[in-house]
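Presented sequentially are two complexes of chain A, the first with chain B as partner and the second with chain C.
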Partner chain A sequence: MALLMLPLLLYVIFAFGPSVATVFFSFTNATGLPGAEWHFVGFKNYDRLFNSSDQAERFRSIRNSLQFAFLVVLVQNVVGLFMALLVNRKLRADSFIRATYFLPVVLGVTVSGLVWRMMMNPLGGPLTELFKKLHLDTGFLSSYGASFEWVIFVQIWMYMGYSMTIFLAGLQSIPKDLYDAAYIDGTSRWQAFRHVTFPMIAPSTTVNLLLSIIGALQTFDIIYVLTNGGFNTRTLAFDIYRDAIANNTTADYGLASAGAMVLFLFVFAIALVSLVALRRREVDL
Partner chain B sequence: MLKKVTGLLMAIVMVVVLAACGGGNDDKASSNSPSASSPASNSAEPSKEAPAEKVTLKIIHWINEPVNKYYEEFNKKFTERYPNITVDYQVVPSDATYDQLQQTRINANDTDLLALKSGFAPIPQEWAAGAQDPLWKQWIDTGLIADLSNEEFVKSYNPVDVQNSTTYNGKVYGINMGKVAFSGLYYNKKIFADNNLKVPTTWDEFKGVVDALKAKDVTPLGFAGKDIWPYNLAVQGLSASVIKDQGEFIKGLWTGSTKFTDANALEVLEKAQYLLQNSIDGVMGIDYASLPSLFASGKVAMIADGTWNAPTLKGLDPTLEFGYFPIPGSNDAAQNGSLAGKYDMSWMVLEKSKNKDAALKWLAMQSEPENYAAFAKASGFLPTQNVQVEDPFINEISPYLANFKLAWDQLFINRQNAGEHVSGSSVHAEFLSPAGPIKTPKELAELSQKEWDAAK
Partner chain C sequence: MNRESRWLLSTRYLIVLAVLIIYLIPLFYLFNVSMKTQIEHLKSPVGLFEQFRFSNFSTAWKQGDFSKYIWNSLLYTVVSTLLSILLSLFAAFPIARRYVKFSNLIYLFFTMSLFLPNPLVPQFWLVNELGMYNEQWGYILLRTGGTGIAFLMFVGYIKSVSRELDEAAAIDGCGYLRYIFQILIPLVKPVMATGVMLTAIGVWNDIIGPTIYLSDNDYQPITRGLFAFYGQYLNNWPLLGCGIIIVAGPLIVLYVFIQRFLVSGALAGSVKI
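So, the complex of A and B:
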C-alpha cells in the first residue's frame, strides 16, 4: 500500500494537482504576484483569447500549431521509417550510423537550436554562404515568410532519430520466416514491405504517431531557442509561455491558463481520434 | 479506504497548489510601511560591529560585461568590509530570460536585490484609463518593494533624478544608477574620414552620407534586427526628432486627437523604412550580441545602439575610433540637436527580504561617491550623482545631452490586448519591407490605427 501511495502522492502533487489548478486559474485574473488581489472572472479569459484586438494573432498561433503538428508528424515519421529501413541491415558501421542519426535527440533542444542558428547566421553561417552561392533566399529564421518552415525543419531533424529508433525496434521484431515465405511465393521487395513489414510494425507506427502528435502540438522550446516567437512563429503553446511569463507588462496566469485549457482540448481531441483510428487499423491488419 | 486516502490527498494538494499560486491582501498593509529594522544611519555607515550571523546577499542582474566586471570587483570590496556577508551575484541574458528570472524570484521572495531595467516609466496617467499598470507599480502596490525614502544614501543622488526616476506616490522605491541615450547612431570615424564625410545634422544630409557610402561600396547601416528592439531604437530616434511633442501625441492617441496615420507618424515610418533599405544584407537575422563585433570589424559604417554599449565597443577594439550622433529625422537641424533616452538600471530592495539590512548596506556602499564614479565610468551611464566622470565618449556627446528628453518607449502607454503592430512599447516598423511583409508605411499606419481602435 505504501509503495503505491508514494508514487501516487508524487503524481498528484506534481502533475494532477497543478493540472486541476490550471482549470481553476483559467477562470480568474490571477497574476501570481504575492499579495496581489485576484478574483473569479467567469469566461472572460476565454473571451479575451478569441475576441480581442489581437485575435488575428491568436488564430494564427492555432493555425501554426496545427500546421506544425501535421508537417512534423508526417515528415518525421516517413523519414524515420525510411532511415530505420536503411539501418536495419548488416552494415559495417551500423552502430555508428544509428548513433549518429540519434545524436540530435541526445544533444537536446538548446544545443541543436544553437547549432542551427549558427548554421543560418547571416554573417558567415555555412548554410547562408551555401544558399548565397546557389542564389537562394537566405532569410532563414528572420523571414516572416519562411522562418516557421525552418523551425519545422529543425524540429524534424532533431527527432527523426527518435522515430527511427522506435521503427527499428519494430522492424527487428519481425520474424524472418515471414519474409522467406513471401519471397518463395515470388513477392517483390515493395510487396514485402507493403504486405509484411508495414502491417507488422503497426504497433511501432501507433506509438510513433501518437508521441509525435502530442509532442508537436505542445512544442515550445525549439521556437523559443530559434526565433523567440518572432517572425510569425508563435504557436498556441508558445502563447501560453508568453502570457504567463514573457510578457513584459505583467504575468497573466488567468489568460495563460485559459490558453493551456484550449491547447489541452486540441491535444486530447486529436490524440484520441488518432488513437482510435490507429488501434482500429492495427486490428484490421 | 483507497478512495478516502485519495480524496484526502487531493484536498491537501489543492490547498498547497492554490496557496502557492494565489495570494491574499493580508501582507499588503504591513509591507508598505518603511523598514523599521534598518534606520538610515545604520545602512549608510560601515558596520563597526559586524553581526555574528553569516548571511548570503542574493542579487540578480543581467549580462552587460563591463558592468558585470565592475560589480564583481565591487562585491569583493564589499565582502572585505563586511566579512559576514557573502554576495551571490547572478547574471542572465538581458532579454526575456531576465524578465522571467525577475518575476519568479519576486514571486518566491528568493532575492534580496534586483535590478529594474529602467526608472519608473511609463508613469500611469488618468487619460489612459484601462491601461495595464507597469510591473514596478504592481510590485509597489502589493508591498513587495522596500521604501528607501528615509535612507541616508538616497541623498547622494541628484534630487531631480531621484524624483524623476524612482519616486512613486511621494516615496523613493529604488536607486537609479544613471541615464542612457539611445536615439543616436554610432559611426566609424575612420570610414567617415576616408570618405570625407561629416556628421549629418539634417535628414537630407544623412541621406547624402548614405548615398556617398553606397557609392564607395561601403554598407551604410547595421541593426540587430533579430531581436527587433535594437532596430526600434533607431525608429525611436526618428520619432524623437520628427514628432515635436511625443507626450502630447501619445495623449492624443488615447483621447482621439492624434492618429498613427497622422503625417508626422507616417513620416517616421517612411524614414524607418529607408533605414532598412540601406542596411546590411540579412539585417533581420543579426542578433544583438553580434552587433558590436559587426561594427568593430568595419563591415558597416553606422549602427543603432544605446550609449551603454560604448564601453563594450572600446573593449572589443581599443584602437577603434567611433562617435555618436542623434539620428537627424527632421530637416530642421534644431529638432535633431538632442538625444533621447531613459533612466537606465534601478536597484530595488525586496521588502520581505531576509537580508534587507545587508541589501541596504550594499546600496549604501554602492552610493559612496568613489564607488558610484567607478560604476559610471564602467557603465557609460550619464551620472545621477553629482560626480565628475572623465570619459572622452561622454564628453564628446555632451552637447547632445543638454536638452536630454525621454524616448517614446518611456512615454507610451499601451492599451491592453493591442494587436502586434502596436503591441508593447514601440512603433513596429520592422513589419515594413524589406524586413517584413507590409509594403508601404501607409498600410502599416492604417493597420496600427485599426488595432489601436479595436483595443479600446
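So, the complex of A and C:
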C-alpha cells in the first residue's frame, strides 16, 4: 500500500497543492520578478480584473468563455450522439469511419490547428477559395466578427469523435434483446430511442456532458494555436495564461490567480448544477 | 432488430459520408500541398499535385531541425507516459479494491483536480523554487504528477476484474509488486492500451507546457519546433505541409496499432465518475 503514497504525493505537490494555493496568490501582489517583495492586498486583484481600462475586454472574455462552453458542449455532444447512433449499426468500413472521426484527437491541437489555419488562409487556402466562390465572408480567423466562431468550429471538429466514442461504448453495452422485446411490442424507431436507448446510455451522457463542460471552460490551447488571443478570441482561461506568463511586461501572478478563481467559480457552479440535474434525470429515466 | 428500409440505410450512408468528407478533406489537402513545389503551389493553390515529391519531406526535416526536436518529444512522451501509467495503476488498484481506508474519499480527492482552480501560477512559482524550470526532468515530472484519464479508467476497469485472483495469488505467496506486474497488468491490457494512447497523445501534443516551462531551444519538443517552423516558413506551404505530416506521423502509427482497443477502453472509463 506504500505504493499508493507515491502518486498521492506527486498529485498533492504538483496538482492539488498548486490549485488550492491559487486562492492565496489571488490575494497578493506577487509578480514574476525575482526577489521582489510581495504582500497581501485583499480584494485588489479582483477589483483590478473588472475595473481597469481593459474592462470591456475582460467582460468579453467571460462572455466568450460561456459562449464557447455552451456551443462546444451542445454541438459536440448532439452530433457525437447522432453519429454514434449512425455508426453503431453495420456499415461498410465502419471501423475506418470511426477511426477517422477520432483522428483529430490523435493529431492534437498543434497539428489540427495549423491544418485549419492553412485551410482558412486568406491567400489561397481552399476554404477561402470555396467561400469566395459562394460569395461568403472570408475573414475567418482574422475577422473581429467571426474569428471566435471559427475557433469554436475547429474545437468541435477536433473533439466530436471523442464524444462519439464514449457514446458508442455506452450503446454497445445495451443488451440486444431489449430492442427485440420493444419491436415485438410494436414500438416505433423513435420510441425505441426515447424509451430504451436514451435511458440506457444515461451514464455515458453524464460523463460526456460533465467532462466536456469542464474541458470547454478550461481549455485555451486551441486559441493559442489559432489566433493567440487576437481578434476578440480571448477567454477566461486564456487570460490566466496571458496575465501569468505571456503578457510580456510583468508576470502578474496576483491578477492571473484572481482570474483563475473567477473561472473556478464558473466551472464549479455550472458543473454542480449539471451534475445534480443529470443525476436526477438518470434516476427518473 | 427490425430491418432497416433501403431509404433509411441510404440516408445513413449519406450523412456518415458527408461528415467523413469534412474530416478527410483537410488531411487530403495537407498531403496534396506537401507534394507540390513552391511554384506549383503559387500557380494554383488548390490544384492537384503533379507528381509525388517525397524529397520535400527530407528538406523539411533538415530545415526545421526536426531530428533534434523529435528526440526531445520521444523522451518526454515515453518516460512520462510510462511513469504516469505505472503510478496510475499503483493508485488505482488499492482504491478500486478498497484495500485502503477511505478509498472513496481518496478517489474523490484524485478526481478533484479536474475542476479545481487552474494551478498555473503556483505551479510556475513552485517549478522555479525547486529548480525545475527549463530542465527536462522537471518538465517530465510535472507531466507525471497530475491524475490523468488513465487513473479513472483503471479504477473503473479493475472493479470488474475478479477479486478471487488476488486471494489465490496471496495464498500462493505472490508479493504485491509481482502481482501487479505479472497478473494485474496482463488483465487490464485493453484499458491500458487506451490509457497509454491517451496519455501519450497528451504529452506528444502538449504545446502550452513546453512554452511555459522550457525556455532553452535545445529542450523544445516537436510541437514547439513545428510552431516555430510555421512562423518561419509562412510562405512555403509545401514545406509547412511536410512539417505538419512529420509531427503527426508517429502518433498515426501508434493509433493504427491501438485503435481497436479504443471503444472497450472508453467503456471502462465511463463506468462512474
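Here is the rule we go by: the second predicted complex is superposed on the first by the 284 of 285 C-alpha atoms of A that agree within 3 Å, B and C clash if a C-alpha of one lies under 4 Å from a C-alpha of the other, contacts with A are read in each partner's own complex, and residues count from 1 in each chain.
As a convention for this text, a contact is a pair of C-beta atoms (placed from the backbone, for glycine too) under 8 Å apart; a residue touches a chain by one contact, two chains touch by 3 or more.
What you see is a predicted model; the values in this text were computed from it and never measured.
Undergrad: Looking at the overlay, does A:35 come into contact with chain B only (first), chain C only (second), both, or neither?
TA: first
Undergrad: Looking at A:133, would you say it contacts chain B, chain C, both, or neither? Reply first, second, both or neither.
TA: neither
Undergrad: Return first, second, both or neither, reflecting whether A:25 touches chain B, chain C, both chains, or no partner chain.
TA: After superposition on chain A, A:25 lies in contact with both partners, chain B and chain C.
Undergrad: Check the contacts made with chain A and report whether chain B or chain C touches more of its residues.
TA: C
Undergrad: Using the touch definition from the top, say if A:141 reaches chain B (first), chain C (second), both or neither.
TA: first
Undergrad: A:53 contacts which: chain B (first), chain C (second), both, neither?
TA: A:53 sits against chain B, while chain C stays out of touch.
Undergrad: Would you check which partner chain A:8 touches, where first means chain B only, second means chain C only, and both and neither mean what they say?
TA: both
Undergrad: Which holds for A:17: it touches chain B only (first), chain C only (second), both, or neither?
TA: So A:17 meets both chain B and chain C here.
Undergrad: Quick one: is A:166 in contact with chain B, with chain C, with both, or with neither? Answer first, second, both or neither.
TA: second
Undergrad: So, A:230: does it touch chain B (first), chain C (second), both, or neither?
TA: Only chain B; A:230 stays clear of chain C.
Undergrad: Across the two complexes, find the residues of chain A that touch chain B and also touch chain C.
TA: 8, 13, 16-18, 20-21, 24-25, 30, 32, 123, 245, 251, 253
Undergrad: In the complex, go through chain C and note every residue touching chain A.
TA: For this pair, the touching residues of chain C are 1-2, 4, 12-13, 15-16, 19-20, 22-27, 29-30, 33, 41, 45-46, 87-88, 90-91, 94-95, 99-100, 106, 109-110, 112-126, 141-142, 144-147, 151, 176-177, 197, 201, 204-205, 207-208, 211-212, 223, 226-227, 230, 237, 240-241, 244, 247-248, 251-252, 254-255, 259-260, 262-264, 266-267, 269-273.
Undergrad: Which part of chain B faces chain A closely enough to touch in the complex?
TA: Its residues touching chain A are 5-6, 9-10, 13-14, 16-18, 21-28, 31, 95-96, 99-100, 103-104, 106-107, 109, 132-135, 138-139, 142-144, 225-226, 228, 281-286, 290, 294, 299, 414-415, 417-420, 423-424, 431, 436-437, 451, 454-455.
Undergrad: How about chain A: which of its residues touch chain C in the complex?
TA: 1, 3-4, 6-8, 10-11, 13-25, 30, 32, 83, 86-87, 89, 91, 95, 97-111, 114-119, 123-126, 129, 157, 165-166, 168-170, 172-173, 176, 179-180, 183, 203-204, 206-208, 210-211, 214, 218, 220-221, 224-225, 237, 240-241, 244-245, 251, 253, 256-257, 260-261, 263-264, 267-268, 271
Undergrad: In their complex, what parts of chain A are in touch with chain B?
TA: Answer in residue numbers: 5, 8-9, 12-13, 16-18, 20-21, 24-25, 30-38, 48, 52-54, 56-57, 120-123, 128, 138-145, 228, 230-231, 245-246, 248-251, 253.
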